[in-house]
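In structure tokens below, several structures.
You will see two complexes here that share subunit A, one where it goes with subunit B and one where it goes with subunit C.
Then we have the complex of A and B:
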């Protein structure tokens, strides 16, 4: 379910700016780390969640305003390299300024595990599920039912036409970065009690979120939902039935099979361009 | 000065330097620099001429290193033969990955190679029976050429640098050949190239395979040179470092890339105390390079002129 959030984070930025944000995983990591630091100063969970998401959104806005929109000669390749640079920069700064250890975070709910028809699992999974569902719902509501959301969709459909209608495209792109940072940080902070926070936790989440995007079709939010679920379920099934050390492989295997068979994903992405 | 005369001069300089340096530490460092030159030249072909980015080149280096040493140690196959097998297997693997992803936009290959790099890294770490796990793998036999053992740093230095220059020469020739011109056409206008009957997809898969070939060859030789490999030398950071070397050197420029990869291999070895800060430096370098000098050092020199 967490991959759904990462995948939507990718989509938000991709559909408005045509940038694949390689730093998406780092947004997750930042969210987790900031929450960890705030919790250390015994700030309540709700407030620390809010603060960490807002801080990460600000970081995302900063990235767009100062780095991406100032890039000279911006083509696809240079922007990809750019976001890779941003991603390792964030990781490096966290590794030096916080540390490189994995930190546990206590569960949000007062009880640690839940039993449901014979299966016992961590109570944090409920929190993750609920957060993801609420966020996905809110995001859909925003896109379909508010003026701002509709403007954003217009930008993603046709940037030039939208700007002719008087939409400030740059502003919309910045908003996309902010939303993506917010979703990413919240995802990172809620998954933290299960996965621990560590400076390099972002890579794997980013990769699997990308895999979820590919499976569902890049830029397609319904696809992101389904793709994220498929990747998540396949991963836990393989951890249970095959071996947990190979569960990372499954996501990529699915991704590569989808790329071979149907590169546009299950819910045809609107802009996979065949070369 | 034409590219090839410059290459010859550079070759002579490197050989003369090798005659005078007796310190094994420096020789060792320079030999490692040669290996990273090989990888980076291969990556440069991909990034500079096909405009595709690979974030898993360290993974392919690891693939070459592990396959060849496992063959040589566990199955007692002749080192040269095992290097050959390793390189061929890795290249085939590269082609398999490249085939579906290169049909699409460049970030698909980037993510796929990133994933492959992570997978190879985690297999090397977890599959202890075969790869030795985090402790690594040791005991590779020495390489020898027609009975001439490459058993000290000086001999290896000359061997590796000769090989490196041979590979650079090959890739310069390749770029200036009919195929190389096709890549230039693809890079400047893909649709036009397509209209001229260039099979863009196949060409991209081919150059990706070539660059995996270079990487795995460097990896295999690295394994036999050091006689010890461990997963920690082939992580994501290393892959990113290769990309930084190409980007700073100037995508598509052989000599810019040559110098940056030598310098960026030697510097971290000298400044080991600053190890933690390298990722930050790399990230900043990438961002600044993209913002201000998309053509790398080559572009900077042109701009000064």
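Then we have the complex of A and C:
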């Protein structure tokens, strides 16, 4: 489920800006790190979740305002490379200003593990699952049922038309970064008790979320949902039935197979711009 | 109402628009005619700041030269470019909702529905297909939707680029009917077209362009009668 959130984070930015944001994993890491710091000062979990998500949204807005929208004569490729630079920068800043250690975070629920029909797993998986379900639902509702959400979709479908109808495209892109930062941080903060927090924890999540996007079809949110679930389930199955040391391989194997068979992804958005 | 002064546009180093000036007075319908590649689309794109340019542009005496596209249209001008302004994956209704989003936000849903009903009077076909995805409309219907999206914004001025391109004679007449309707409503019109006779009949004044320059300007009626001008610039 966590990959669904990462994949949606990628999609939100990609669909409005056509930029693949390789700092998406770092949004997760920042969410986890900020939560860890706040919890150290005994701030309640709910509040630290909220604060870390808002702070990361603001970081995302800054990235868009000062780096992305100010880059002169930018094309998509140079902006994508820029996001790789940003990702390295964020990791560096955290490694220096916090540290490079892995920090545990206690489970959100009062009990550590649950048993279900003979299987025992961390109670945090329930939290991750619920968070993801709620976020996915809210995000879909926003896009499909609110005027603001439709405007955001309009920008991704036909940017020129949107601006001819008075939509401030730059503002919509900034909003996309903010939403993506918020979703990313919440994902990072809820997965933290399972994965620990560390300055480079975002790398693998980012890459696997990227794989989920590719599998589902970049820019397609249903694709993100399905792609994220496929990668997540395949990973747990391979850990269970083969060996957990091959776990990381599976996501990329699936991605490569999909790229071979259907390069545009399972849910490739049918020529969105026929204009 | 719209004053364009000494507008020039360069693509790389090639000049596409060379010191072009045009005026459109309030309530007038003005057309820009010219052969393919004359620079008509370039002129409109430059006015709406879709492409970089040199020169000055005023709307109601306000300098809009450096205003962002989304701010220019907020002043009450609609631009329907030669590319369609529809959102394929959204329904016809949602397409109209988005083009009129400021009306919904500022004046309320009721006002929007009122405008919608008024627009549907001209586009009965779209009314029937409200819930269909815009991408599934026929080419002609998509073109009509683009115009409807502009009309529902209740503009003071309506600018359009070859609205009849690729339309059947019947739909073509429907487009010109809308031009006549806009004139009656007091909406100022600036139209770029290939359909010389019908356009000259529907408009008050005309500019004729050739390779980036305005070659002639005058009353549409006079051009309609002048075979020499039609032969020289408009292919008969």
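The rule is short, and it goes like this: the second predicted complex is superposed on the first by the 268 of 275 C-alpha atoms of A that agree within 3 Å, B and C clash if a C-alpha of one lies under 4 Å from a C-alpha of the other, contacts with A are read in each partner's own complex, and residues count from 1 in each chain.
The working rule: contacts are C-beta pairs under 8 Å (C-beta built on N, C-alpha and C of every residue); 3 or more make two chains touch, one makes a residue touch a chain.
Since this is a predicted model, take the numbers as computed values, not measurements.
Novice: Tell me which of subunit B and subunit C touches more residues of subunit A.
Specialist: On the superposition, B touches more of the residues of subunit A.
Novice: Just checking: does A:163 make contact with subunit B only, subunit C only, both, or neither of them? Give me first, second, both or neither.
Specialist: Only subunit C; A:163 stays clear of subunit B.
Novice: So, A:201: does it touch subunit B (first), subunit C (second), both, or neither?
Specialist: Neither subunit B nor subunit C is touched by A:201.
Novice: Going by the contact rule set out at the top, does A:85 touch subunit B (first), subunit C (second), both, or neither?
Specialist: The answer is first: A:85 touches subunit B but not subunit C.
Novice: Just to be sure I read the superposition right, which of the two partners does A:263 touch: subunit B = first, subunit C = second, or both, or neither?
Specialist: Once the two structures are laid over each other on A, A:263 reaches subunit B alone.
Novice: After the superposition on A, what does A:178 contact: first (subunit B), second (subunit C), both or neither?
Specialist: It touches nothing on subunit B or subunit C.
Novice: Once chain A of both complexes is superposed, is A:136 in touch with subunit B (first), subunit C (second), both, or neither?
Specialist: Neither subunit B nor subunit C is touched by A:136.
Novice: Applying the touch criterion given at the start, work out whether A:231 contacts subunit B, subunit C, both or neither, answering first, second, both or neither.
Specialist: neither
Novice: For subunit A, which residues lie in the overlap of the subunit B contacts and the subunit C contacts?
Specialist: In the superposed arrangement, which is not itself an observed complex, subunit A uses residues 272-275 for both subunit B and subunit C.
Novice: Under the definition above, what is the set of subunit B residues touching subunit A in their complex?
Specialist: Its residues touching subunit A are 47, 51, 53, 55, 97, 99-108, 110-112, 114-116, 118-119, 122, 126, 190, 200-201, 204, 236-237, 240, 243, 247, 276-287, 289-292, 294.
Novice: Once bound in the complex, which stretches of subunit A touch subunit B?
Specialist: Residues in contact with subunit B: 20, 22, 67, 70-73, 76-82, 84-93, 95-96, 203-204, 207, 210-211, 214, 245, 248-249, 252, 255-256, 259-260, 263, 272-275.
Novice: Under the definition above, what is the set of subunit C residues touching subunit A in their complex?
Specialist: Within the complex, subunit C touches subunit A at residues 48, 50, 68-70, 73-74, 78-81, 83-90, 94, 97-102, 104-105, 135, 149, 153.
Novice: Can you tell me which positions in subunit A touch subunit C when the two form their complex?
Specialist: 147, 150-151, 153-154, 157-158, 160-169, 269-275
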